[in-house]
Amino acid sequence: MNKKLLDAIKQLSDVESFKDVCHQQAQNHPMPSVDVLGDIVQLIRSILFPGYFGNANVNSRSMLYHIGVNVEKLHSQLSNQIKAGMCFDSREEDKACSLMDNEANDKATQFISQLSTIREKLHTDVLAAFNGDPAAKSFGEVIFCYPSIRAISNYRIANALLKLDVPLIPRIITEMAHSETGIDIHPGASIGDFFTIDHGTGVVIGETAIIGNNVKMYQGVTLGAKSFPLDADGNPIKGIQRHPRIGNNVIIYSNSTILGTITVGDGAVIGGNIWVDSDVPAGAKIVQRK
Amino acid sequence: MNKKLLDAIKQLSDVESFKDVCHQQAQNHPMPSVDVLGDIVQLIRSILFPGYFGNANVNSRSMLYHIGVNVEKLHSQLSNQIKAGMCFDSREEDKACSLMDNEANDKATQFISQLSTIREKLHTDVLAAFNGDPAAKSFGEVIFCYPSIRAISNYRIANALLKLDVPLIPRIITEMAHSETGIDIHPGASIGDFFTIDHGTGVVIGETAIIGNNVKMYQGVTLGAKSFPLDADGNPIKGIQRHPRIGNNVIIYSNSTILGTITVGDGAVIGGNIWVDSDVPAGAKIVQRK
Amino acid sequence: MNKKLLDAIKQLSDVESFKDVCHQQAQNHPMPSVDVLGDIVQLIRSILFPGYFGNANVNSRSMLYHIGVNVEKLHSQLSNQIKAGMCFDSREEDKACSLMDNEANDKATQFISQLSTIREKLHTDVLAAFNGDPAAKSFGEVIFCYPSIRAISNYRIANALLKLDVPLIPRIITEMAHSETGIDIHPGASIGDFFTIDHGTGVVIGETAIIGNNVKMYQGVTLGAKSFPLDADGNPIKGIQRHPRIGNNVIIYSNSTILGTITVGDGAVIGGNIWVDSDVPAGAKIVQRK
Amino acid sequence: MNKKLLDAIKQLSDVESFKDVCHQQAQNHPMPSVDVLGDIVQLIRSILFPGYFGNANVNSRSMLYHIGVNVEKLHSQLSNQIKAGMCFDSREEDKACSLMDNEANDKATQFISQLSTIREKLHTDVLAAFNGDPAAKSFGEVIFCYPSIRAISNYRIANALLKLDVPLIPRIITEMAHSETGIDIHPGASIGDFFTIDHGTGVVIGETAIIGNNVKMYQGVTLGAKSFPLDADGNPIKGIQRHPRIGNNVIIYSNSTILGTITVGDGAVIGGNIWVDSDVPAGAKIVQRK
Amino acid sequence: MNKKLLDAIKQLSDVESFKDVCHQQAQNHPMPSVDVLGDIVQLIRSILFPGYFGNANVNSRSMLYHIGVNVEKLHSQLSNQIKAGMCFDSREEDKACSLMDNEANDKATQFISQLSTIREKLHTDVLAAFNGDPAAKSFGEVIFCYPSIRAISNYRIANALLKLDVPLIPRIITEMAHSETGIDIHPGASIGDFFTIDHGTGVVIGETAIIGNNVKMYQGVTLGAKSFPLDADGNPIKGIQRHPRIGNNVIIYSNSTILGTITVGDGAVIGGNIWVDSDVPAGAKIVQRK
Amino acid sequence: MNKKLLDAIKQLSDVESFKDVCHQQAQNHPMPSVDVLGDIVQLIRSILFPGYFGNANVNSRSMLYHIGVNVEKLHSQLSNQIKAGMCFDSREEDKACSLMDNEANDKATQFISQLSTIREKLHTDVLAAFNGDPAAKSFGEVIFCYPSIRAISNYRIANALLKLDVPLIPRIITEMAHSETGIDIHPGASIGDFFTIDHGTGVVIGETAIIGNNVKMYQGVTLGAKSFPLDADGNPIKGIQRHPRIGNNVIIYSNSTILGTITVGDGAVIGGNIWVDSDVPAGAKIVQRK
């Protein structure tokens, strides 16, 4: 413990030095936790796809017990993390946090009521991946090891939480999938049924993107913003519509970039490695010039 | 535990609701496990590159003991996971699974017999990475921290297992590397010696791609399929040849996409950000038009 | 333990077979450890951004204690890993390693003396990310869950260590972020303040790249080398200048590739999916031809 | 790795040296595991005393789910350990072990069918401890932290398993309690309802001891054997009756030793620190001579 | 999942079957936890005996930081467990538990204010153990590995908490030491300075025992109750004075039993294996008759 | 963090307050660790009794590999802990600790050279336990779950280390067994072959006790010191001979206390609950007076 270290400690503990990059969570209230949210996503997957995930063998006789215990555990852990997100966001004092318990419990309950619908939607995504990929050997292989199913699961979970006005948590959940799969879907995007992403690394789907049913994308595709309207202070206006609307039955090949509030019509096919920033009519095929 | 939660439990436990997305592994037989396969890959790395991986210091006097213990442990764990893959795939009842022990043991033994050859091939990949990258400071640095070596190791392991007709497990092993490195090599691809991938994120090498010796690729390169022949039901035919054949001594720069059953001749150089869907003659250089 | 396995053990333990791919760390001296370096990065983050990371609630009264304990712990762990990197690199015998303790301690101390400056720089990066992204809901959200902040933090830490001539460790630290975020920044690159990367997957910033202040990049952007001068033996010359120089206030859109020792002038805007291998004047806007 | 170590390895690996102290479990069949049995006992406690043990909050609405999941998990883990005990004991080859699955499953099922009775018996033990100890503040305190309840629980579990002819496992379960509490009850002993042990350290209850209802013991009490009949080879005859029979409503104070196949009559009181090796009539009070 | 198991589940979930042996902690409020209390005791030891316990090296320059962080962590964890004990005891509904936060925080603070006094007392115990045991090689050895110091530490901690009217937690803390050392000291006992117990297994010190300064005991000594006054219902009256009072400078040899509300005068010596149930005058020596 | 806590921190960090109860280990040198020593004992058991302990199945073909790896690992871990004990004891500065590496390595090597002899001795203890206990069902049961074997193993290990002048570590190893089994054997005691302890809780065998071959003891037996000669300062003289010498073929029944430098002759039998402080002739039988 020499003088240099003691000086560094002093400097780093100086209020001026840390005040803008420090977070003080209300005492006794939980921080959002990437580890706990990882467990929560794993728990949701074990409810949605019984037998594929979770530690237990399942069968139809014992299904009720497993779902019962997992739903109760999910409700408890998720309420906690929803509250953690609300506290984190509010930056208010203890009292405010303590009052959030009921609201957090309610949101967790509402989310759980939607799990059955989320399961149905994911079922369509699995079907689309299996049917669309000549390399897919079995239905189970798709559920068990396709990164796109992981990314889309996290998105559908996060999207449902965002619609319940849960702050922060949805973004953490999609970033977990982003880190794991290289697929970055903003929880605010709107995505139809039978959605597939092949390979997936580098895919970006922005906050206000809208995607129809039966759409297929390849690795490296971006649905991005072209430019952001600025506010009076010269900063981008938050949350404004700025991403493309993709119709039904569209295919977008690898590494293409679709930008701005344009519309890609039903049944369009967009080739690889191209840059699209104006509307694409229904049924059109666009490819890179050689 | 209010009524809404009880309703959700009931709904999610309904046979109609889960029957298509549920997996029932034969009782007492192992599920394939990403965690265990992670340990297995780590164990194989400690056998292939002694001293770099694994917890123990090694020296030539104690090498035999370490290899002996690690090979025995590998055989036991790998047999188990191979059997798990076979059970998962068969979806058959208990009896079938119990009978797979011998076959799984044999496949694990055959795989282990090939480890010495796999080590030789990976040695050429390490040499190529070290020689080809001005940022590589030492041979050890390449083995110890280059993501491409990790991805190619997993591919070479998975490819050997696939050739032994092991189901599911090879794909999980390459997906582990995909998640870790952003490099997605299908275990079915065929890849020669002295193979290197620089940076690597976003690389995709499809199931039926064939790559010669001494090939170098950069990040974002795709060796993909252009279109899939459909069967009578309108679904893609599984496993059909649909990816490029790359010759010896080829370089492919970043973010380029090579599609379909085309051939890229020996010594060709393909520039970055381009889309190639027809044969490239030996020695040719292709670049993006400005 | 049948004959095939015994043969494999014999073959894999043969000195000829392992001598080129084996590492023998000096006895009793630590190996570099990805796990320990993960803990170290986590510890540094808890010092730089108090309250966001680490397990403890902080407040201004207890800040000094937390910083004190964390700095002491960091010094001890980091000295150890710096020494591990030096031993790994030297490949020398025990004695040499034992003598490295003091030098490693000094480097760790010098690094810690710079943490306060690193915190200031990262503060500018957080500001730039918050201001530049319409989807960013709060300052805390950016620090807590943006992958770009993670990647840039690891880069700034690794860059400081590299400047102190610490071998191997800096590269491991940036590769950890590469794996987690898909953003590959070489520790040798030089990057100014207010730097942001949106989405980030597939970004590559080479060893000798130089980036000014207030630069923004999107996913898939490469700052790469065009070709490497070879030495007399036909191998690339290590460490030579070979990457672009990017001015201040530059924006580079997704999936573009900037190659070679060119200069992109202040205020330039480079569109998506394009390949740039010659100088770009200040204020220029370059886009893909349709 | 110097010569001395190499010599030691050689010596310790010599068949003559290890053949009598080595155990070879049939391949792929589990070893009995103190850790797993610890988890099993914990699981049984969470079934018997819901809410006190196990990680979950319980309530009457969710009780069925928790019991269901825990019973299924218990059946699976316990079948496995019962089989492990049977394999350990049989020392037979693989085939024999494989055939034990059904028998082990049956024994586990029979044990689980008795859990409700075991719960009733333990309830009487808890009542006796609470009523008999002026220091016991609440019923919950007794269940949650009295070592005697732990020791008696393990005994009642082990005794039920022993009666099902499960080898080895019962002894391991009582030794776990012995280690934790200093109370050594052989699983073969027969013990009535409302049994309490105060403090408990040093208590020994032998294999063929028989204890009535409503008996109370203090620390250091031994119910032991006086002498063992020898067989023709001069070795003790295994399993023969050799311990005392204790009537109902008996109290035995600390550190007393009751030896041999004697009978202590109903309602007798035996003072501390004494040695008893002949019958004690009902209602008698025995104390140490000063 | 056969019928027998389903029946067992039904039976064990029946309200009548579990209602008396089930605990329902108020939702969202912590259960007392033996694991957490183990961590708390470890934390207290690292504060009381810096450098012997806890993971960090300490020195006088960094002591303040370590004590600061440890005290803050202790306050947070201990408040939580104190509250858990209060909730457990109250068996009241949620609201009651929520209101206990302040009281629990206060009690934790008061306890921490006494740590410095507890350290002084334990220092005298360490001195007595070192001076009194010819086998003690160093002061550090006594602190680091003598079970008696562990048991007396837990007692002194528990006793301080009990005096602050903390329910349940003190008993759990002394039972932890009981399990580890075989020494069972009730937290309600009153024990002077310079207290030592040699070997210790089997020692029992009852709830209302009073022990002077400079007392030494050996293994197996009991300070117990002789009989309990019964209340109108025939149950022992809780908490009544019923254990011996031991003067200063007393030695009690192994396995002796001192019973009832008697007084052992200053300087008395009680030999081994004897039973004492009447007053012992100051300076007397009592031994077993041969 | 209120004022009371800040005051407590200040008080507890005051040099006067901690200087006598604080340990400062030389920087970068390991502390003795109960956890690591637990692993070391487990490792030694897996070498001594192959197949019973440790995670791997063993067979004669793979024995050499397992013993080789385990011996190397043991040497490394044990050297480290021996050095830790030497540093702890010396309380000297860094330099002194650094110089202890060679000596610690040598002691570890010498210890390992004796493992084969220790195995032989323990084999006799296992035989004695099996032959002497009618409840012992198999040889394997004795090795795998008898607490006496655990305690005697730790003693024989600790005794060998003590004879090599290793400080502190031997005592920690016997205290680990003391905690687990309630059997407290000082590492300095001298114990012959075929030694058994039945049940064992409360047994104490002092530092200078000498025990012949084929001795059997029951729970609660003490071989203790009667009185200690004092030095000029009134403190006991360390390490002086003060415990009994027990001949061959002696049996000592439960809870008896043998005190002082007396001799118990060959073939003597000492009954339970008695106090012996004078010589016992060979072949004598002593019992408690009624």
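In this document, chain identifiers A, B, C, D, E and F correspond to the written order of the chains, with residue numbering beginning at 1 in each.
Note that in this section contacts are C-beta pairs under 8 Å (C-beta built on N, C-alpha and C of every residue); 3 or more make two chains touch, one makes a residue touch a chain.
None of these values were measured; they are calculated from a predicted model.
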Chains touching chain A and chain F alike, please list them. B, C, D, E
Name, by label, each chain that touches both members of the pair chain B and chain C. A, F
Of all chains, the one whose CA centroid lies most distant from that of chain E is B
Most remote chain relative to chain C, going by C-alpha centroids? D
The distance between the C-alpha centres of chain C and chain D, rounded to whole Å, is 57
Chain D and chain E: spacing of chain centres that average the CA atoms, whole Å: 26
Chain B and chain F have mean C-alpha positions lying a whole-number Å distance apart equal to 51
Touching two or more other chains in chain E are residues 1, 9, 57, 59, 62, 64-65, 67-68, 72, 76, 182, 201-202, 220, 255, 273, 289
According to the definition of touch, which chains form touching pairs? A-B, A-C, A-D, A-E, B-C, B-D, B-F, C-E, C-F, D-E, D-F, E-F
Touch list for chain C against partner chain B, complex: 1-2, 4-5, 7-9, 11-13, 15, 17-18, 20-25, 27, 32, 88-89, 91, 167-168, 171-172, 175, 178-179, 182, 184, 186, 188, 201-202, 204, 206-207, 220, 222, 224-225, 228, 235-240, 242, 255-257, 259, 273-275, 289
Contacting residues of chain F [partner chain C, same complex]: 1, 6, 9, 28, 59, 61-62, 65, 76, 98, 101
Which residues of chain C touch chain A once you look at their complex with the stated criterion? 47-52, 57-60, 63-64, 67-68, 71-72, 75, 109-110, 112-113, 115-116, 119, 122-123, 126, 131-138, 140-141, 143-147, 180-182, 199, 201-202, 218-220, 253-255, 271-274, 287-290
Chain D to chain A touching residues, read off their complex: 56-57, 62, 64-69, 72-73, 76
